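There are two complexes below, and they share subunit A, which is joined by subunit B in the first and by subunit C in the second.
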Partner chain A sequence: MGLIRYIGKKAVIYLATFFVAVTLNWAIPRFMPGNPIGILLSRFATLPESAEVMYSYFTQAFGLDKPLYEQYINFWRALLNGDLGVSIYLYPQKVRDIVLEALPYDIVLIVPAVIVSWIVGNWLGALASTNRRLDNILMPIFYFLTASPYFWMAIVLAWVFTVTIPIFPPSGAYSPGISPSLSLSFIVDFLKHWILPFLSLLLVMLGGWAIGMRNMIIYELESNYSRYMEALGAPNRLILRYAFRNAMLPQITGLALQIGLAVAGAITTEIVFSYPGLGYLMLQAIQNQDYFLMQGAFLVIVIMVLISNFVIDIVYAIVDPRVRYTYTGETG
Partner chain B sequence: MMLDRIMERHRETLILLRRNRKIKAGASILAVILAIAVIGPYTTEYGPLEYTGAIGEPPSSRHPLGTNTFGYDLYSQVVYGLRSSILIGLLGGILATAIGVLIGFISGYFGGIIDELLMMLTNIFLVIPTLALLIIIAAYIEHRGILIESVIIGLTSWPWTARAVRANTLSLRNREFVYLARMSGMPTRSIILREIAPNMLSYIIMVFILQFGGAILYAVSLDFIGLGPTKGISLGVILQQAVLWNAVQLGMWWWAIPPGLLIALLLTSLYVINTGLDEVLNPRLRRQG
Partner chain C sequence: MQARFKSIVPLLLSILVLQVVLSINASAQELPRNETIYVGGGLWAPSSNFNPLTPWAAATGSVGLIYEPLFLYIPIKDEFVPWLAEEGKWVSDNVYEVKLREAKWHDGTPLTAEDVKFTFEYAKIHQGIYYSSIWNWLDRIEVVDERTVRFVFSEPHYPEWTYYLYTLYIIPKHIWEKIENPLEEANTNPIGSGMYKLKSYDQNQVVYERNDEWWGKDAFGTPGPKYIVYLRVASNNVALAMLVRGELDWSNFFLPGVPQLVKQYEFIHTWYKDRPYHLPANVAFLFINNQKYPLNLTEFRRAMAYAINVDEIIERVFEGTVLKSNSVGFLPIPSWQRFYAKDLDEEMGFKYDPDKANEILDKLGFKDIDGDGYRETPSGERLRLTIIVPFGWTDWMESIRIIAENLGQVGINVEPKFPDFSKYFDDLTKGYFDLAINNFNSFVSPTPWTMYNWLFYEDTPPIGENSWNGNFGRYFNDEITQLLGEVLVTPMDDEATLRELYRKIQEIFLRDLPYIPLWYNGFWFQASTLHWTGWPSEDNPYGVPVTWPGNWQLGGVLTLLNLKPVVREETKTTTSPVVTTVTKTQEVTETVTVTEKGQVVTKEVVKTQTTVITKTVEQTVEQMTTPTGGNNTLIAVAVVIIVVLAALALLRRR
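Take a look at the complex of A and B:
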């Protein structure tokens, strides 16, 4: 019971967030100072069949002669029909198709990077918290990693592994001469292109997890229950295990916040390696002033983040029973 | 005058602050980087966008960080770029801290329906990825300067601060000395200014340090995507051009590595100072022995 109420409440928050994100997407071109909508529409004048594009369901939603509320309703209607407009840069492809084609590349980068960095980072952080010498060596490294801009880490890795020791390819998701298939040679080729952007994300995120875990464990070891166990003569390993389990919980909540940052990291990292995900797509859209493509990418990024947050919330409720109890109505 | 009273009350804390190893190390690195930003531009004869005649040269005594494909002196670019990146960080950080503290404080102190609404708003903006939002805002601004860049960063990166400050306010509001002040009939304004504000000051300073670093990171990321200041130079702009013109593939590491290293060191120093402050002000984090 508690779990369902909890999930329901979270779903309401995320639906509200989706609503706000769509509204921002609608409002920003209309209400920014200057004449953004003019810039947007003038781009169509350069196209060969501009009249046809203007006729698209989505561009109709921009019909500025209509009252604002009607524009807004039309915008939603187009969106719910899956119409995100037509790309100018990749004319006449639909924005929806382009964005959905790029999305898998983000997922294969971000999901493994977040999971591996979380596991390895937490493990290293726990290790540092129990060993004074290791702590002094590792902590400055963790701080430096977490302080590095993702794309700079990517530049450093590109310099080391594609120029100094050229063992990995510098750009793309697979070699130009090869077409995607499930053959071994393609998979090897794909992984060779994938490893450096993946490592860039992994290294930067790892530092943050390790610092968080180390601090949480030290915090828990100073708490009353740890002192009480110590006074009772409990073995150190046991006290540590309890501290570790309690320190895990905030780290799971941290995952939700990290997803948004990981997406930001992926956007810039993909640019360094010309990796064809949403970030690289956004860069193309910006350079070619393809506003529909840019806003479509934004929307898909938001949806991706919302879904992953929702999944993390459910995992959290399963791992920590206290969350469920809060929503049974008996307490609070 | 208020500052004097705070200093008096916290003499012991100040001694601890000065003794903390993390604060000492972080503050030294930070001081060096700030000095480079302030003095650096006076130590170079070239402007950041001035053709020097040397094209793509590695570091030498004439050009300490080499030159790039366009014949610009990279040392000049880095020192000028550092200056504007720090400026954006300061402005954006101050704005984000101010908004976050205001919303968090109102939410935590007054509670009720105001709290519910403000926290709903905060949670919504907390989930929307800041950089993606910044990108679609910046893309529609035709002429972007340092001021506009820092304003849009400040307007989008406050949510976590609002939530943290709300929690801090809640715990302060329920302390004995605040109850006592309220029972003695002290007006709300005085309670906030004289009882709560001085106790929150150290927390707000820590929040600002993180917001300062965060604003720098958002700014260099925006610059890197090509949405930075339309004129002028910043560390992010140097890196954007380095990647755009294949600096690394052409072996010009001096174009792409030093600017990012400087950002990473600057942020490291801020994080380390912040941890040091946390240790001093929050004794449970202090390691024994």
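Take a look at the complex of A and C:
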């Protein structure tokens, strides 16, 4: 009962967030200077007579001649029907198709990076917390990693591995001249392009996890239950295992927060490597004032972040009953 | 045990996701190198549109290779090459007759007069088609017989019609008449009449395959390359590296350092063997806001024209790869030169002369009152102008720095600014700028009318409202409007009348100097003779080798017809064009820092730029001698395996 009420409350909050985020995303591009139809036509050297006709036609076709409030209503109406509109930059492709095509590239970057960094980071943190010497070496590295911005890490990696030691390609998801296929040569090529953006996400996230884990375990080892076990003569390994479990809880919360940050990080990383995911797409959309593509890409990012947070919230409530009690006001 | 299982999850997940990516398009292809030509320079966005009715969004080659115009136009010779048309002529003052060749569509259906009629009339129904305004002055189209069409005009716009003859592409009636919203059609299975068919496309490239059933085989021959791989290359610097490595055969990119490139590599082919290397393509104008004080003063504009040192820009920014414009902006092509009033230019034109500029400004009353080195207006107000070009257009960015410097030397305070393209274009079309460079529609053409029509477009709304194209500085002159109106209805072969009209326009232009012509941007073209020969050049000028969207009919298609593969003795064909673009990032960052410094000392900038270029070239040579492909693969695989194993091992230990 409590769980359902808890989920219900959370759902309302998330829906409100969604509404505000999407509204902002609708509004911001429209207050930018510039005119998408003008840019579209600027790519075409033609007689002014032709440009004049096309200008009025496409302004109408994209519904940009209507007053803003009407555009806004139409936007929600279309959105609820699953229609994200037509891209201006990649005319006449549907924004939905473009976004769906870009999404896999984000997933192959973000999901492995988050999971691997979470596992490896936690493990390294736990290791550091029990070994003084290792701790002294690792901690500065962790702080360095976690403090570096994603794009900076990406540039450093790009510089080291594509210029200084040129072993990886600097941009794209696969080489020009190769078509996606299930052949070995393509997979190798794909991985070669994937590894640097993946590593820049992984390294930055790793530091945060490791620091969090180390501090949590040290804290847990100081706690009363650990002392009590120690007094009872329990082996170190056993104490550590209990401490580790307790230290995990905040790390799960962290995971929820991290997904949002990882998406943001992926955007800048993709831009550095021209990796054709949503982030790169968004940059293209902004540069070409493609309102509809911007909305579409942002919408998917918002949905991804909100859903993953929602799922983590639920998982968390199941893992730790105290959470749902505080939310629903039940007293345990 | 449980822990170990858990750690496999991410591995499985990533494999699964990889599968998703791969399933998008599953067709491996390795094209034989001796039948394939790699082209670049006209594809900037991932392409998935092949609709000839939206040529501004269609992949380059959609029009030209797949869909064909009635005529080709070769600007260097001022020659119309009958293409789909066998012949075209004015049979009376307002009737133009076209006789068609025996052409057919890719699906075998014959291309007839009905198709031509349909193509035009389609724009009557669908107003968004770019040539729909033709119906303001075209009355009707008569089909005389299977292969003869007559266009009857209510008011024949001769130069405009001539322009459409080679920029309008005939579409098959039997296919398009069934399409409801032709402008929203991506047309990914294009049926045209051209010598190439679409083979495949993805994020990085479009591949065309020769149409061996092409109707023009007997009349024109067979194009050399069986496959055209049109590459989307991330930047000009990557293109440069690919060209010297023989991975790009035909480049229409603006490449920095062309003089060194040509000197260093024998196999790089350019139009001219020496300066300026390129054919002129269009005129870069300095647009001046004619509605803003003091830019609305003719003499003030004239002073600016005297103050700008275009030669310096050409030397320092373009390394001599472009030509300086004359004072009226007439391109050095026969169709325009015919009407160029050289005597007027010599008499009333301008040249670099800062003393003269100072003199004019002094006379106008613009003096430096507060002693800051810059002139104030006669009423004593500070004067501060801006000049804009889009950010990232590095050649123009350098150019306006020099222009601002030049104007500063005569005491006009001008600040160069580099807004994003969208802001630049918005300011330009709304008239919110002071000074700006633009060249979007001063392209080579059969008549200078196309440039003047753009430059002085009469139907331009006042400042603050969105204009479409041209006359960005809002210069209005009834006399010019009237003269251009007369040009429009004067037959193209009535040269005497036209010469008189154009002469008057040039006179007014030189008198009022609304805008300042600067230099002729080139048809950037570098080819590699490693795999293909037969390129056009100064000595063999059969056409302009350009592959930009909508420009193939200027000679790109003729180039394809003339190309022949280079026969090699060794038959070892390394077919996989895996491109490891390596030298790019360094160069990009270096140029960026250089340009930032440039604000203070521009002279140094160019120097550093050139050294950067030669560096790249050397690096690429090294690369050619040490094939690293195999190593890379191994390292990449090893790294991935290590990462995965590490994750596994870590959990196991716990």
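To be clear about the criterion, the second predicted complex is superposed on the first by the 237 of 332 C-alpha atoms of A that agree within 3 Å, B and C clash if a C-alpha of one lies under 4 Å from a C-alpha of the other, contacts with A are read in each partner's own complex, and residues count from 1 in each chain.
As a convention for this text, contacts are C-beta pairs under 8 Å (C-beta built on N, C-alpha and C of every residue); 3 or more make two chains touch, one makes a residue touch a chain.
Predicted model only: the values in this text are computed from it and were never measured.
Engineer: Under the stated touch criterion, which partner chain does A:282 make contact with: subunit B (first), subunit C (second), both, or neither?
Structural biologist: first
Engineer: Could you tell me if A:24 is touching subunit B, subunit C, both of them or neither one (first, second, both, neither)?
Structural biologist: first
Engineer: For A:2 in the superposed arrangement: first (subunit B), second (subunit C), both or neither?
Structural biologist: In the superposed model, A:2 contacts neither subunit B nor subunit C.
Engineer: Mind working out whether A:149 is in touch with subunit B, subunit C, both or neither, as first, second, both or neither?
Structural biologist: In the superposed model, A:149 contacts subunit B only, not subunit C.
Engineer: Which partner does A:254 reach: the first (subunit B), the second (subunit C), both, or neither?
Structural biologist: After superposing on A, A:254 lies clear of both subunit B and subunit C.
Engineer: Could you let me know whether more residues of subunit A are touched by subunit B or by subunit C?
Structural biologist: Looking at subunit A, the partner in contact with more of its residues is C.
Engineer: For A:182 in the superposed arrangement: first (subunit B), second (subunit C), both or neither?
Structural biologist: A:182 sits against subunit C, while subunit B stays out of touch.
Engineer: Tell me the contact category for A:90 with respect to subunit B and subunit C: first, second, both or neither.
Structural biologist: After superposing on A, A:90 lies in contact with subunit C but is clear of subunit B.
Engineer: Residues on subunit A in contact with subunit B in one complex and with subunit C in the other?
Structural biologist: 32-34, 39, 158-159, 162-163, 170, 287
Engineer: Considering the complex alone, what residue numbers of subunit C touch subunit A?
Structural biologist: 7, 9-10, 13-14, 17-18, 20-22, 24-29, 38, 45-46, 48-49, 51, 54-57, 127-128, 130-133, 160, 163, 167, 183-186, 200, 202-205, 229, 231-234, 247, 420-423, 425-427, 429, 440-441, 443, 450, 453-454, 457, 459, 466, 468-471, 550, 576-586, 589, 623, 628, 631-633, 635-637, 639-640, 643, 646-647, 650-651, 654
Engineer: Using the touch definition from the top, list the residues of subunit B that touch subunit A in their complex.
Structural biologist: 120, 123-133, 135-137, 139-142, 160, 213, 217, 220-221, 224-227, 239, 242-243, 248-249, 251, 253, 256-257, 260-261, 263-268, 270-272, 275, 284-285, 287
Engineer: List the residues on subunit A that touch subunit B in their complex, please.
Structural biologist: 13-14, 16-17, 20-21, 24-25, 28-29, 32-34, 36, 39, 132, 140, 143-144, 146-152, 155-156, 158-159, 162-163, 170, 211, 215, 218-219, 222-223, 257, 260-261, 263-264, 267-268, 271-272, 282-283, 286-287, 291, 294-295, 298, 301-302, 305-306, 309
Engineer: Spell out the residues on subunit A that touch subunit C in their complex, using ranges where they run on.
Structural biologist: Its residues touching subunit C are 32-35, 38-55, 57-58, 61, 86, 89-93, 101, 104-105, 107-108, 111-112, 115-116, 119-120, 123, 126, 158-159, 162-163, 166-183, 185-192, 195, 274, 276, 284, 287-289.
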